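Lettered A, B, C and D in written order, each chain numbered from 1.
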Amino acid sequence: MPLLEAAGISKIFGKLTALDGAALTVGENEFHGLIGPNGSGKSTLMKCIAGAEVPTQGKVSFVNTDITAFTPTERARAGMSLKFQITSVLPSLTLYDNILLALQAQSSLLDLVFSRTRGALHDQVMTMLTQFRLADRAFDAAAALSHGQQQWLEIAMALAGKPKLLLLDEPTGGMSLEERRVTGELLQPIKQHCSLVIVEHDLDFIRDICDRLTVLDQGKVLASGTVPEIQANTSVQEIYLRRA
Amino acid sequence: MSKSMSAVKQAIPAELGGETDVAMTERVAIAQAVAGRKVLPVVEGVVLVAALLAPLVLQDYLTVFATRVVILALFALSFDLVWGYAGIMSFGQALFFGSAGYGVALLARDLDITNIFLVLPAGTLIGLTFALLLGGFLLLGRHPSSVIFVSLGTLTGSYAADRLARGWYYLGGQNGIPSISSMTLGGYEFSEGPAFYYLVLGILIVVYLLCRFLVRSQFGLALAGLRENEQRIAFFGYKAQHLKAIIFAIGGAIAGLAGSLYAFHEGFVWPNMVGVVVSTQVVLYVLFGGSGTLIGAVIGTVIVEGVSFWLSDNYRDIWPIILGVLLLLVILFRPLGLISFVLGERERVGSFSAKRKEKRNAAP
Amino acid sequence: MFDRQLSRRRFLSNFAFASGAVATGVGSWVIPAPWANAAEAPIKVGIATDLTGPIAYAGNADANVAKMVIKDINTAGGLLGRPLELYIEDTASNESVAVGNVRKLIQRDKVDMVLGGITSSMRNAIKDPIVARGKTLYIYPQLYEGKECTPFLFCTGPTPAQQCDEFIPWLIKNGGKKFALPSANYVWPHTLNVYARKVIESNGGEVVFEEYYPLDQIDFSSTVNRIISNKVDVVFNTVIPPGVGPFFKQLYEAGFLKNGGRLACVYYDENTLNINQANEIEGLASCLDYFKVLTKENPFDAKIQAAYEKDFPGNFLFAAGSAATGTYRGLKLWEAAVKEAGKIDRESVAAALDHAKIAEGPGGPAEMVPGKRHCKMKMYTAVAKGGNYEIVGRSDGLVDPKEC
Amino acid sequence: MANAFVAAFEILSFGAIIVLIVLGLGIIASMMGIFNFAQGEFVLLGAYITYLAYAKGLPIWAGMVAAPFLVGALGFVLEALIIRRFYAAPIVAMLGTYALGLIIRESVRGLIGGFYLTVPEPIGGSIDIGTMHISAWRFTIIVITLLVMVGCYLLLSRTSFGLRMRATLENPSLARASGISTPLMYGATFAFGSALAGLAGALIVPVFSLSADLGIRFLIQGFVAVMVGGVGSFIGPVAGAGVIGTLSAALPWIMAPVVADVLVFVLAIAFIKFRPQGLIAGKGV
């Protein structure tokens, strides 16, 4: 069984059909790229999977459970994690607290009130920060970071809860080339315990890290397969040519 | 204009979204300027000493006035917890304050119960129960309620309660319940004066310390996150609405405690006490002092009540207008309250790290 | 110095001036005694009334009356050879503010007596700080629902008995037997209606309905409809502003007056006449202890009315419904009591006030009913004609308040 | 039969009054996302201007015509000076406009000395149909309310002004890119909403007499109406106001007025909880 299976997903906003029977299947420990031209429905599909939008039609299964009607909180507790397209770190909190907040999400109320997990989580916080090269800024407000660093912080936060599936919406947006390279390096190690769905415009980046790709066009799946398969697909080349 | 605009945004971090603009750079500047300097404990200490000494230097009737202010400060604390820390706009905080006041007034009137160990817990419980009911209704559910819905919902709740109290003859209708007997401890009666003052001051200090513990705990961190970006917190897997309902209920309990003290101190309860007027008043206290800092709520209460007391003495005809103008000025130019003159943003938000010492070492 | 020509404007500027003294702790509105060389300390009179808020027009009139009376007493040599000092505090139509300010009178200024409060809820709120906790004499000057029997609390305004006993038979004779009692939902109308119903029924009248509305209700279509369709003769109204204006207008527009209906409203005085156009309340009947039109027949009324208007020209009228007459009466009765007692402590003054009398007051003489702490007075029935009142009935002697 | 007709008319006329008062509130809430706590005071100002005209011996209708323009102008100035700073934060807007309302209300209270003052109707008396009497002025209010509603609808849906207004409020940056002066449009919208409140005040003052609390009396009712109807469109709040106004006027016919009064609010909040988008969902006119 695949880890995530979304089938027949439609989403209609008023008169606009954003998704029209789209589907996505992701296996365990698989890095899956979601690509397509602007307005093809990539972000909407991500949101429907993460629970930020409720699909008009269709079904989402995750670890053999139908989660279509789950709230974002319930999805997160089932092991799904999302990094938004627009960075949404908590700007006036320190980096340390941002990570701590993500780590303690499933602590019980009493643990929270009496801060029972605070000491135990300290090492984990510092490990995460070190891993994402942010340790020296641990006690700065998140707002003080550069845009790229904020993206890393958010990826770190998304990974903090040890998710089974991580959804990344344009992680390299606004990054320099060097920052993109580092982002790729930072993502590689997580493959051992986590699957990844990634929406990205930077095709080189996608090609470098993904195992499989799904191409959306006008709310429908145009093609799905391994990276070489997709690269060889003529209709995919066509839409990207059309865009150029 | 951009300056005050960004300042307004700072007051409402939950609505900031993820923008990067002037506000952020400003905030950073403040953060860096203040890092390593601890102002808050100093402010708290000064207020505590002033409060302890007050009855010694004040005339009798001013001690009675100060008692009232301390009770209202307790009430302000309840609102600050809900709005300043969790970002829930409760325009109906008086509902819990007043219903507890009515509750203990009825206990005293109909059942002759005035023992402090019965009436104060009873009032607290009434506030808690009403807050659980209203908060549960407004905040819980499959979809998170909008900020506007919660604020107008609480406002309407308080308004409807006010009208119910006015219409309900058992509660004394428009006249309220007068001449409530004094609160007792065995044979001792708490009548207005220094003893009552130190009683409520003691309660305020205990509640303040509890709140301080709460907002600095990991629970407080979750609230801070909630205030900044509720959606983000929900996506981490927090039961955000439950957290909000819990802090709302705690706020209601504290408001109830304050309301029962108020009823016994003033000796009467009347419909305004559950209504929009008192609900708005508590918003003013916290706004003036500075939301999101516990001491700001206390300072705001003292300032607003003190200024009103003075203005109503000397500029009686126009004091509501002056109050309105002052309020508008604070909202426009000091949205973080008067405390922001001495307290930086960084310290206001605070840090929840396990080893606080590292903070100073790591700060640039 | 207390200037004869002191206008409201001057008072305001006095205020601003007085604020300079705030740092030393002097805050409230003090009118110092006129002589500095008095042998003894002045007697302190406290007034707590609604100077701001929705019924400020009444409170300001009461404060003005107090200034006038205190000035007269001082001009005549004071009381017991001592001057009087007046302390005025605002109750702001806000019970919470009021209690704080009344405490100022009691605890800071240590006044010897407090007069004031207009609404029943205000009296309820401040009586405890004055009488029980403050151990001070309290005079309540407004017409009200009765049943206030607190020791050391004296009432100098009309009670339901005084307003109904002669008025309702007159209404039955000059209106009809079918009464409707539309009322604002608070204590005064509830209690007054109990009494009114008794009088109506014992005089052969009938109450078609008695109904209560929120105080700020402003739409009365269902009520008006019931009045019209039940062919009610007399609307005995206890709806108060802001509802009363729209209510009377809707009644008028529905043809109630045109069909010969009679409006009755026992708190209506010269202030409230302006709420409606004159034609909408033509023939409205009221029963009070004083109407301005009495100045034509009573020289004493003419004198105080003229004195008041000279000192306080403007909008705050000397009228019965706003407790101005009760304030006058209360202060004068208290003066008589202090003179008789020869001292100023609460017990002695209360003992004398218990049976105090004045030969002249607004509307005529007045005397306290011994042991009852309420006041006998003359009562007048008047109807509105073209925006003015016309006296159509007067009590033979002093009417008993029948309280306590 | 006659009774039912009178009842229907009275309920309708009160509904129309609430609609009139909520129109401006609804436009500002829907189009700008601001819950204007000073709206009641704009109503009050409209009433006060009408009273002033009457007191100065001018014809009453002159005051009624002037009121919306003067209040609208004030709204425009206030938007530019104060309201503009609140767009990012709706809660702060509530508090700021509350302060503004307090200032206006207490100033007017000072000016009118706390009295209740009467203003006669330009069209007085009643329309008699057989034994029934119908207030001529209330009937006029119904007619004017209908005209204003239709006028607003046409203005927002059919004119280029309305189009630009909606474009600006829905997507300011796109509107700016299309050459629309967005600050001007914001100012104009707020002024328009204020002017409607001024008109409402002018028309209702003969019915309810003038006092400083005239406007605030309707404020919470107005907010509830907007929420019930649905924020986001012009027609939503109008529908909500119709429902709330009719309900408030109709319930006292069948139950104790004191109970009816509280019940309206309880019903409304419960309705909003279970249908947060309101009666009429979505954006548009």
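The working rule: a contact is a pair of C-beta atoms (placed from the backbone, for glycine too) under 8 Å apart; a residue touches a chain by one contact, two chains touch by 3 or more.
From a predicted model like this one, the values you see are computed outputs, not experimental measurements.
The chains in contact with subunit A and with subunit B alike: there are none. With centres computed from CA atoms alone, B is the chain lying nearest the middle of all the protein shown.
Distance between subunit A and subunit D, defined via averaged C-alpha coordinates, is recorded as 47 Å. Computed centre separation for the pair subunit C/subunit D is 37 angstrom, with centres defined by C-alpha atoms. Rounded to whole angstrom, the centroid-to-centroid distance between subunit A and subunit C, based on C-alpha atoms, equals 74 Å. Between subunit B and subunit C the centroid-to-centroid distance comes to 39 Å (mean Cα coordinates, whole Å).
In subunit D, the residues touching two or more other chains are 258, 261. Multi-chain contact residues of subunit B (touching two or more other chains): 163, 167, 317, 320.
Within subunit A, contacts with two or more other chains are made by no residue at all. By the document's touch criterion, interfaces exist between A-B, B-C, B-D, C-D.
Residues 12, 15-16, 18-19, 22, 25, 27-29, 51-52, 90, 92, 94-97, 99-101, 103-104, 106-108, 119-121, 124-125, 127-129, 132-133, 185-187, 190, 212, 214-215 of subunit C are the ones touching subunit B in the complex. For subunit D in complex with subunit B, the residues that touch the partner chain are 35, 82, 84-86, 88-92, 94-96, 98-100, 102-103, 106-107, 110, 220, 223-224, 227, 231, 258-259, 261-262, 265-266, 268-269, 272-273, 276. Contacts from subunit B toward subunit D in the complex involve residues 1, 4-5, 8-9, 11-12, 15, 89, 91, 137-138, 141, 143, 145-149, 151-153, 155-157, 159-160, 163-164, 167, 276, 280, 283, 287, 317-318, 320-321, 323-325, 327-328, 331-332, 335.
Taken together, the subunit B residues at the contact with subunit A in this complex read 13, 16-18, 20, 24, 27-28, 31, 142, 214, 217-219, 221-222, 224-225, 228-229, 231-240, 246, 345-346, 349, 351-355, 358-359, 362-364.
Of all residues in subunit B, those touching subunit C in their complex are 59-62, 64-65, 68, 163, 166-167, 169, 172-176, 178-179, 191-192, 266-268, 270, 272-273, 277-278, 308-310, 312-317, 319-320.
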